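The structures considered in this document are given below.
In the two assemblies presented below, subunit A is common to both, partnered first by subunit B and then by subunit C.
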Partner chain A sequence: MISAFEAALFVFVLTTALATALLRDILAVIIVFAAYSLGMALFYAFLLAPDVAMTEAAIGAGVTTLLLLLALVKTSRPDLDYWLERPNISALVVFGALLVVIISTLGEFPAVGTADAPIWENPAVTQYYIENAYSDTHVTNAVTSVLAGYRGFDTFGEAVVVFAAGIATLLVLHREVFTRE
Partner chain B sequence: MMPILFLSGDAMTDVFLLAAAVFMLLATAMLYRVIKGPSTQDRVLAVNVLGTNTVVVLALLGAGLDVPSLLDIALVYALLNFLMSVAISKFTVEQGGVL
Partner chain C sequence: MSSADSSSGDSLGDATSTYIESQVIMVTVRVIAPFSLTYGLFLMFHGSGSPGGSFQGGAIIGATVLMIAFAFGIEPTRDWIQNRTLVALATGGVTTFAMIGLIPLALGGNFLEYEMYKEEFGIKAKWGLEAIEIGGVAPIVASVVVGLFFLLAAGTMQDSVSEEVSGDE
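So, the complex of A and B:
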């Protein structure tokens, strides 16, 4: 059953998402997007994922806003004669079709906390990690031992991708950031 | 959750979650000022109120769901909310500077 808090949060997040898509003034969009990020962090907190909520708080409200503002400083913000975007009908049709497809898959998800969710199909695996994570890797946090131990190569690949992206960003920005005196 | 006063633990959970829902409704009302504006100052102030609202809702959720670690997120938000408002205000006053 959906609680009163969830309903209020749904309304809040939907309104901010719509406003982010429809407002014309870029500075207003950045501010509304920060509000959207507040709502999403509350969602993650309510679904008992404090780590994700913490990330959303730091990235969504802090870093993204600063990044977008910095981008706005480098570019221009035109004066507008109308404040709401006029929706593009053909884009709306494509979006509506995509929405129908996505919503039709929602019924297949197992409900939160059910015993027949796919994760419990093979309890031996989960039990193995819980029992042997420390003796195998000597890392006290089981999640960290799975990420950096059992799935070490996977995480290493991710780290390589992030590192390459960071290097590429530095190379692109080099001309503008480090040579300006 | 521990019973407080004359209410049972379950009733206290409901009270906390209901209070959080009321705060969310207030936040939705505040969205009118964020979206309509008309000036950037209005929006910054409204988003600041939303941030403070979020801190309160996170604390209520932490108490209602019995997850004390949500208080850490509330603290992070309280700090970042301030940073965001300063950045946007600085951007509006002196076009060109954010940090």
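So, the complex of A and C:
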């Protein structure tokens, strides 16, 4: 059974997501989108994924919002003759069909934290990490042991991707320095 | 407010027009920044024992710098953080990660095989993992987040291209 806090959070996330899609003023959209990210971060924390929650709060709500605001300063805010996006009938039909498909699958999801969730049906993988992560890597956080130990090569690729993003931005903007010499 | 004269586009090249000094924001950031920086460093150094890790820690450290720039002006913050600091953190992070991965390979093991450090140098395997977290991922993420922000901001400040475009109109 969901608590009042969960229900309120669910309504908040849904409202901000709808507002992000429907509002036309870009500044309002950026602010509402930041609120949506904050709501999602709380959701992740509630679903016992604190690592994802921290990333969502720092990158989604914080850094992305500031980058979008800077981009807004760089461009212009056009005059608005109406507040809300006008609905596009064909897009609404596709959206409605997708919504029906997604809602029809909701009943098949296992409850949060149940022991008979499908993820436990493959103990060769999950149980291995839980049982051997400490003896293999000597760190108590199993997530870190997977990221930096078992999947260290993938993490190296991800780190290089982040580095490449910085270099690519320098190239696109025709600059040689991030700040000043 | 700005939508009325958006067609002129004359204020886009001016740094002062984008910065509004606010006592509330400055005092708030002054109080929050030490805590968020400490929290970022904690996540970075304590990622192997508690939720979070160097990616989250690096992102929060970068976001703290963005917060300071937002409150006290992008221009002074940009002068405060030198380019060579960001470049050293980003390239140093990739180099550190690659070196820690390649040294076991050179000794006949696999990429990032931390056990090799224990066999060859007597260094605990855990410290190899900590080294790529603290010396690799966190500096890359923090410096790239800050770098992207300043790069985007530089477009708004000393932007010769937009001035030329608006001058032609």
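As a working rule, the second predicted complex is superposed on the first by the 141 of 181 C-alpha atoms of A that agree within 3 Å, B and C clash if a C-alpha of one lies under 4 Å from a C-alpha of the other, contacts with A are read in each partner's own complex, and residues count from 1 in each chain.
Please note the rule applied: contacts are C-beta pairs under 8 Å (C-beta built on N, C-alpha and C of every residue); 3 or more make two chains touch, one makes a residue touch a chain.
Since the structure is predicted, the reported quantities are computational estimates derived from the model, not experimental observations.
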{"item": "Partner chain(s) touched by A:L66 [first = subunit B, second = subunit C, both, neither]", "value": "both"}
{"item": "First (subunit B), second (subunit C), both or neither touched by A:S76", "value": "second"}
{"item": "Touched partner set for A:P50, first subunit B, second subunit C, both or neither", "value": "both"}
{"item": "Contacts of A:L23 with subunit B and subunit C, given as first, second, both or neither", "value": "first"}
{"item": "Touched partner set for A:A148, first subunit B, second subunit C, both or neither", "value": "second"}
{"item": "Contacts of A:A165 with subunit B and subunit C, given as first, second, both or neither", "value": "second"}
{"item": "First (subunit B), second (subunit C), both or neither touched by A:A58", "value": "both"}
{"item": "First, second, both or neither for A:T140, with subunit B first and subunit C second", "value": "second"}
{"item": "Doubly contacted subunit A residues - partners subunit C and subunit B", "value": "50, 54, 58, 62, 66, 70, 73"}
{"item": "Subunit A residues touching subunit C - in the complex, by the definition given at the top", "value": "50-51, 54-55, 58-59, 62-63, 66-67, 70-71, 73-74, 76-80, 137-141, 143-145, 147-149, 152-153, 155-156, 159-160, 162-163, 165-166, 169-170, 173, 175, 177-181"}
{"item": "Subunit B residues within the subunit A interface of the complex", "value": "17-18, 20-22, 24-25, 27-28, 31, 34-35, 37, 40, 43-44, 47, 50-51, 54, 57-58, 61, 65, 67, 69-70, 72-73, 76-77, 80-81, 83-84, 87-88, 91-92, 95-99"}
{"item": "Parts of subunit A lying in touch with subunit B, wherever the complex brings them together", "value": "3-5, 7-9, 11-12, 15-16, 19, 23, 25, 27-28, 30-32, 34-35, 38-39, 41-42, 45-46, 48, 50, 53-54, 57-58, 61-62, 65-66, 69-70, 72-73, 83"}
{"item": "Complex contacts: residues of subunit C adjacent to subunit A", "value": "2-4, 6-7, 9, 12, 18, 43, 47-53, 55-56, 59-60, 62-63, 66-67, 70, 78-79, 81-83, 86-87, 90-91, 93-94, 97-98, 101, 111-112, 114, 124-126, 129, 132-133, 136-137, 140-141, 143-156, 159, 162"}
